[in-house]
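Two complexes follow with chain A in common, the first pairing it with chain B and the second with chain C.
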Partner chain A sequence: MTMILTADEQDVVTELMNMGVGRAAGAFSRLVNDEVILSVPEVAFVGIAEAQRVFDASIPDVLAGVRQSFDGFIAGAAALLFPEERSLELVRAIIGEDMPAEEISELEQETLAEIGNIILNNCLATIANALHSEISSSLPETYTGDKQGFLSFLCDPPPEARMSAEPPLDGSSSVLLLVQIDFSLRRRAIQGFLAFAIDLRSAASFRAKINEYLEALSG
Partner chain B sequence: MPVILIVDDSRVARLSLRRMVSAIAPDAEFLEAGSVDEALSVVAGATIDLAVIDYNMPEKTGLELAEDLRTSAPSVRLALCTANIQDAVIERARNLGMAFIPKPPDTAVLTAFITGSAP
Partner chain C sequence: MIRSASPGQVRLLDVLDCGVALFDSEARILLWNYWMERSSGIKAADVHGRTLEEVFGDQVSTVLSRTVRDACTDGLSALLSNQLHRYPIPLTRGSGVRAVAMEQSVLVRPLPRYSDVPGAVCVMQVSDVSSAVRRERHLRESRTELRLRNRAIEASSQGIIIVDARKEGRPIIYANPAFTVITGYPAEEVLGRNCKFLQGPDVDQPGLDAIRAALSEQREGMAVLRNYRKDGTLFWNELLVSPVFDTDGVLTNFVGIQRDISKRRKIEEQRDQAMADLRQANEKLSHEQRFTATVLRTIGALVAVVDRRGRIVSFNRACETATGLPEKQALGTRLADLIPDQGAWGYFRLDQGATTPPQGLRTGLVSHSGDRRSIRWSFSHLTNGDEMATHLICTGIDVTERDRAYALLQSERTILEMVARAEPLDSLMGRLCEMIESQLPEQRASLTLLDARSERFVRAIGPSLSPDFLSVFEGREVAPSLASCGPVAHFGHPHYSYDVLRDPNWSEFREICEASGVRSCWSVPILSSDQAVLGSFDCYGAMPHLPDNSSIEVLLRAARIASIAIERHRAAERIQYLALYDQLTGLANRALLSDRLQSATSHAMRHDGKLALLFIDLDGFKPINDAYGHDAGDVVLAAVGNRVRAALRTTDTAARIGGDEFVLLIEDVQNAASVMVVADKVLRTLCQPVQWQGETLHVGASIGIALFPHDATDADALLTAADDAMYRAKQAGKNRWVWGQEQRLIGDLGAESPSMP
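Coming up: the complex of A and B.
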């Protein structure tokens, strides 16, 4: 099974991502009390090997990231990535400049998880609403490491599914919907990236929803 | 002096909500729980006025907690505070008589809930 979309379908996906990311940026902006500047999302469906090439070329070597898997009319995982060296600054922006350094570092993982939870859920929920559908998401999981390891972390099954008989999401059953979006904060030099891995077993129902959306637009 | 229960599995989320509520209601007293079961035992041993509850938590969701509180502590005013802003989730919260506070909370929305005024 592949995920080759028509030009119109690809347009819908880009538009949905624009809505989702826009809403998430609003939430992020409230969270850090700073203006979030967004680039136009670049949406591409790629295989694992191609995704690794894109990652190698465009994301920082060492990452702090958060992942949530989701299920419903579309299944897969979404991740939010930051350059690792900026993550403490991000934590400080959220829980306050007045916190002692040791507490900030103690809360780093939890803060990243909460940022991921807020951004990813705002984005996923907005897309589900636009498609009049429902999606459920797992609890956030954090990642700190290099970008080579990140791709397998993104495509790993969620903890609750790791015990089940379902074959894992691997190179053969998932396609990455890479949504490259650079967001930066006006007052702080922090950039982030978003990536979605979509389980191809849900491609047909995702596509059906995209087409319903297209029909509603033209009808 | 309102007693406010904050239920969220994220310590950071509880911390930032506390900061926001303290700015709105400096005399507020806080109780915290990191899960639905913990929240139920807190409620059993204390009198609370308001509860701000996260949706997505391990084991049970915030809506399951709200269902329980509707019967076990009907005088407590409840709000669901989540980044899961799906229409379906908002509707379920409303059906349980909960206020809905998109996460991160907007000060005006949070103030409306804390003070009991219309948003």
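Coming up: the complex of A and C.
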């Protein structure tokens, strides 16, 4: 099935994302001690196949990313993506090591995970607060590889869910809320973007929350 | 307490190798496992129900506190990585003094709804990542090192290639930029190829064998190869090939290091050529120097080089020999100091006071031992670049020997002229001695002459020696032990006495030698043409000394001249004797008698003296001659000669003037009686028989006596008067004597009548 948002709903989602990403960018900016420039989020609900087409057109072939699952009024996974060769440079920009980017180490992977964790948590927390809802997130997981593999990685259930009795998400039961936000650092040529995949089964409650939010704004 | 609520679970958490803490919704600690107790040093009982801030105060990071609070309230999971949050909680690893701060990785997350621990909403899990940090730090360091090495290889000016030794064809798997610079081949063109292509047409160069041999012994090999660049030009490649082995000792790679030494080689070749040229020039120069030095050393001429002030800077072997001064001592001294002629000093310098030497300058040269030599000099200048004379080359020819030889020849000629003029032997001998002494300045010479039979020394002649000394050998018989002249006369060989005071031959003459200042004696024989010894030529020195060859030569030449002079003298005497004496009887002949008679009459005339002349004619001589032959007659005549000579004084003269006619000249006659005594004596002695081959031969004599001035006043008349008287004696019956003017003389002289014997 396809989830179609009304224009108003779409605006709310965009605004919420803007808020979340704005706070995340603030945290990120403190972390890297540099100004973070954000683009206007592009929000679209797409299927797996459509998502793959969007990825093919807009993100680098080889990428490094951090994924976090979330659950609550809305369930799914969020990911922060960088072109693979730039991701570790980002780490080094933060921790100040002079090493070539291809030398990926265990500790650097963990650091990349924390950076993603900070941004994604801020983003999720802001949205949840704005919608007066509760949301819990899992620990971040890193991914390194090509963009085809990334889509399935993004849609994989979180480790906690894998242990539970609930059936996993599959392609047909998932719809992706693709929120594409380009961000870059002023002093360093680093770009990245965010992607959210939302479990269809929670889409209804999400829509309800958006509408509550709309009513509160208009009311 | 949680522990009591679920002891089994608590024990499980206690054995985990990570820290686990559970928090309630107010972020208060509900559980604190054993790992946390150990790492924090705080017991679970002491933390229970308290927040992290309450337990650790400032030492817990605010990020961790906030993260725990966010997890408890919002349900957000978070990761605190080690690189961003090195020490979120003050934990240590190890114990005691070895305890160090623990590097951590902290996970914080909300607990799911189905949590087993009542009231727990958040779990914190702490991992010790110290070992990972250490490992990665080490890894990073070694990678840094590796990267530096890689950069060094990339930046090296030496061409470096790496070959995979395990693959077929041993392809190149790496080539650095310098390789491209040297060979002109970009790396991508050579990768996968065998590096043989560099050798171009010159495959299997000898240098490769050296490398192969080295590699077979698993060590690196080096060689210089002719290689070709991509553009075909040749370069000299100094190639070092080093084998690389893996940990199992299996050959995996070769590393080839190339250096283009074409330039260096060219420079080396140029340098070698320059060195060779230099060496050749040096050799030529030193050869010339050696040649010059050899010439200077071996030539007989004296070559001395002096500076402007006349100081010697070079002094050749001939100079050393002539002066007795080694070059070392001579250097720096003035050459003029060796020259006794003060007037010549100015010639041996170039500075002030220098004068231009005349052609063929001759000066003396005093040797170290005081000998004086005669040198003829010539000079030339050494000039520097400015044509300024810096040194004077003095070349001298030692003309001492030549001068001496010339003087010797002169003396010899003079003496031989004297010999030819038959000058007296003594003055000749004197001149010979002077000649020796001028040739051998330290010597005094003498000749010690032998009698005619070479048995006895008769006299010695030596103008420089005292008569006392000369007389010691007079009359001495020849003996081999007699001084030096004795063995010379005895053996006919030279005899040199080094020191007469120590020579046993001279022991009896020591005193006179000391008194005369004689210390050495060199004697050579004076030999006649038939090798008979005529005497000894002796040379006396004041110091113990032996003659050198030239001295001996001079002595022998003098002895030869002496021999000629003596023989010449003896021959002259013999001629004179033959002219004036009768061979058979040894009496004077008519010529000598006439001469003697003449001088005797002149003498007597001047001094009012008296002479007597006895004319003897033998009686009975002819019959003996006829009966027994001339030999018998000659024997009789010789006997008569001896007898009349014996009857006379040495001042008187007996002569044979014809076959059996004799005349006796008696000088300084006092009276007639003394004449008669002689006449009687002659008659008596002639009457004595003469024995000849067993026969007894008898002769008698008729004697006529003439007196001067009674019978005649000149020689001829006196002889005629005596002849006349002899005839009268014959007529009177022979064997008697008769006065020339019988009556008057008898009366005057008071003589008796002629008597019969």
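Note that the second predicted complex is superposed on the first by the 207 of 219 C-alpha atoms of A that agree within 3 Å, B and C clash if a C-alpha of one lies under 4 Å from a C-alpha of the other, contacts with A are read in each partner's own complex, and residues count from 1 in each chain.
Rule of thumb we're sticking to: contacts are C-beta pairs under 8 Å (C-beta built on N, C-alpha and C of every residue); 3 or more make two chains touch, one makes a residue touch a chain.
Just so you know, these numbers come straight off a predicted model, no measurement behind them.
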Worksheet item: Would chain B and chain C fit next to each other on chain A once aligned, or clash?
Response: clash
Discussion item. Contacts for A:30 in the overlay, against chain B (first) and chain C (second): which applies, first, second, both or neither?
Written reply: first
Fill in: chain B versus chain C as contact partner of A:139, first or second or both or neither
both
Practice prompt. Identify the partner contact of A:38: answer first if only chain B is touched, second if only chain C is, both if each is, neither if none is.
Written response: neither
Practice prompt. Could you look at A:126 and tell me whether it touches chain B, chain C, both or neither (first, second, both, neither)?
Written response: first
Worksheet item: Of the two partner chains, chain B (first) and chain C (second), which one does A:105 touch, if any: first, second, both, or neither?
Response: second
Worksheet item: With the two structures laid over each other on chain A, which partner does A:114 touch: chain B (first), chain C (second), both, or neither?
Response: both
Worksheet item: Between chain B (first) and chain C (second), which, if any, makes contact with A:5: first, second, both or neither?
Response: neither
Item to complete: Could you say whether A:214 touches chain B, chain C, both of them, or neither, answering first, second, both or neither?
Response: neither
Worksheet entry | Identified clashing stretch of chain C versus chain B [43-51, 133-141, 295-303 or 385-393] | 43-51
Worksheet item: Where on chain A do the contacts from chain B and from chain C line up?
Response: 31, 94-95, 107, 110-111, 113-114, 117-118, 121, 125, 128, 134-135, 137, 139
Discussion item. Help me check something: in the complex, which residues belonging to chain A touch chain B?
Written reply: 23, 27, 30-31, 94-96, 107, 110-111, 113-114, 117-122, 125-126, 128-129, 134-135, 137, 139
Item to complete: State the interface residues of chain C toward chain A in the complex, per the touch definition above.
Response: 70, 74-84, 105, 107, 109-110, 112, 129, 132-133, 136, 139-140, 143, 147
Item to complete: Using the touch definition up top, name the residues of chain B that touch chain A in the complex.
Response: 9-13, 15-16, 19, 56-58, 82-89, 102-104, 106
Worksheet item: For chain A, which residues count as touching chain C in their complex?
Response: 31, 68, 72, 91, 94-95, 97, 99-100, 103, 105-108, 110-111, 113-114, 117-118, 121, 124-125, 128, 134-140, 160
